[in-house]
Amino acid sequence: MVVLDLFVSRYVYFMTVVLLAIGLYGMLGKRNLLKKLISMNIFQTAIFLFFIEGATKRGGSVPVVDELIGIEAAKYINPLPHVLILTGIVVGLSLTGVALAFLLVLYRAYKTLDDRAIMANMKENLE
Amino acid sequence: MVWQLDFWLLVILIVTAVIALSLKDLLAAVAALSAYSFFVALLFSQMGAIDVAFVEATLGAGISGVLFIVALFLTRRRSED
Amino acid sequence: MRWLNLFIMLLFAVLMLYATTGLPGHADPQAPANTHVSPTYIEDTIKDTHTPNVVTSVLADYRGYDTLGETVVIFTAGLACVLILMKRKGNDKTTLSKHHRSDHM
Amino acid sequence: MIKQHYQSIIVQTICSLLIPFIQLFALYVIFHGHYGPGGGFQGGVLLAVSIILQRLYLGIKISHQKFSPRLAMAFAAVGLLIYGLAGIIPMIFGGSFLDYGNLPLFWVHDAERRALGILIVEIGIGLGVFGTLVLIFDNLVGERW
């Protein structure tokens, strides 16, 4: 019963942890560099979900102040994590752009995107 | 705040993430990532964060997919794992 | 190697699941994140800035310094993209030549 | 990759009809950000989407003649400059950095002055995001410019 109660009050956190674990596994275990980038996006989005979940309030409305609802703070959702995540998404996309640029440079130099092949090629060039 | 909708959207998110990581065709994986971003935007708007949902739907499901596909056409489409 | 990755993932997931038991519950109005500074923002936004959308007023007015740094970051990312990818075709005629200029809308 | 026209009259007509409406909606999103969902980031992204759609259906060569990447870089820099000036001008008139209450608009109310300052800053953010995203796309495609 305690476990069910815990699950009902925290299921969003649990699912977010599952998404984080999937993203971490992709970043560590997948060998293609573009797959690593995709799993980095999944990891990032799971963190955004965690923040937005922390901002919700029971009985709260969307954070646009309306005359009919009034200006009490208890009737609106916390807007501060929304601002942080709004800027975080845009920074995440520019990060993806720079990462794709590096990926193109790597592909032109080594003709592959497999990280072990790239590492072996680098070792050969060193010796 | 309908909790059943929340719960099933999260289940769809996990399934889509697993699909995006397990496909060997990278173009299909990017399409799955775009679908993932769109479901995340739906979940944001369901949690009340409308601005974040707007920017996620335009950036994550729109431009991010375009950038990935451009990089994909200039490199290789198949992946080994 | 594959089993090591699975082990790291499971260890991470168990640690995070343990950490979630100390967080406030779903949609708790008395959570510390909801009671610190955000009530001030919500109640003062009409009086201070005449802007009903609280996200916009916090983004551009109360925390404008943060957003300035953010804009600098994305501009730097664009410049970094230019600097990384311009380098590869620099041997023949330079990419910033004048006779290729065609920027009338 | 994308060098010629897209060979379909339906796609060309629909896209050329769609682009002005996307740009109009982007301007609406930027200027209506005070009262609803929207703001500089979303509007800038929508402007960038319109230019990228034009790049896709018209081909890179012709689209570069219509909107040059150098112009996109200038837009990004001008957006950042607008934001910086909105921070520095209140310092000249006796306020602190980014304090829009001290902008030199003496004929409006104090809170209304802050709303105008927010609008100026949103326009700067929109131009900056627009220029940066178009610039990233152009450099990834790799056409000479």
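Descriptive notes on the structure:
The letters A, B, C and D name the chains in turn, as written, and every chain counts its residues from 1.
We take it that contacts are C-beta pairs under 8 Å (C-beta built on N, C-alpha and C of every residue); 3 or more make two chains touch, one makes a residue touch a chain.
Because the structure is a prediction, the values reported are computed rather than measured.
Ranked by how close its mean Cα position lies to the mean of all protein Cα atoms, the top chain is C.
For the interfaces A-D and A-B, the C-beta contact count is higher for A-B. Here the spacing of subunit A and subunit D, counted between their Cα centres, is 25 Å.
If you average the Cα atoms of subunit A and of subunit C, the two centres end up 11 Å apart.
Subunit C and subunit D, compared by their mean Cα positions, are separated by 18 Å. Along subunit B, residues 1, 50-51, 55, 59, 63, 67, 70-71, 74 each make contact with two or more other chains.
Residue positions of subunit D touching 2 or more other chains, listed in rising order: 35-37, 39, 41, 129, 132-133, 136, 139-140, 142. Residue positions of subunit A touching 2 or more other chains: 11-12, 18, 25, 53, 55-56, 58, 60, 63-64, 82, 86-87, 90, 93-94, 97, 100-101, 104. Here subunit D touches subunit B in the complex through residues 1, 37-39, 41-42, 45-46, 48-49, 52, 133, 136-137, 140-142, going by the rule given at the top.
The touching residues of subunit A, when paired with subunit C in their complex, are 6, 8-14, 17-18, 20-21, 24-25, 28-29, 53-60, 63-66, 71-74, 76, 78-83, 86-87, 90-91, 94-95, 97-98, 101-102, 104-105, 108. For subunit C in complex with subunit A, the residues that touch the partner chain are 2, 5-6, 8-10, 12-13, 16-17, 20-21, 23-29, 31, 33-34, 37-39, 41-43, 45-46, 52-55, 58-59, 63, 66-67, 70, 73-74, 77-78, 80-81, 84-85, 88. Residues of subunit B that touch subunit D in their complex: 50-51, 53-55, 58-59, 62-63, 66-67, 70-71, 73-74.
Within the complex formed with subunit A, the residues of subunit B that make contact are 1, 6-7, 10-11, 13-14, 17-18, 20-21, 26, 29-30, 33, 36-37, 40, 43-44, 47-52, 55-56, 59-60, 63-64, 67-68, 70-72, 74-76, 79-81.
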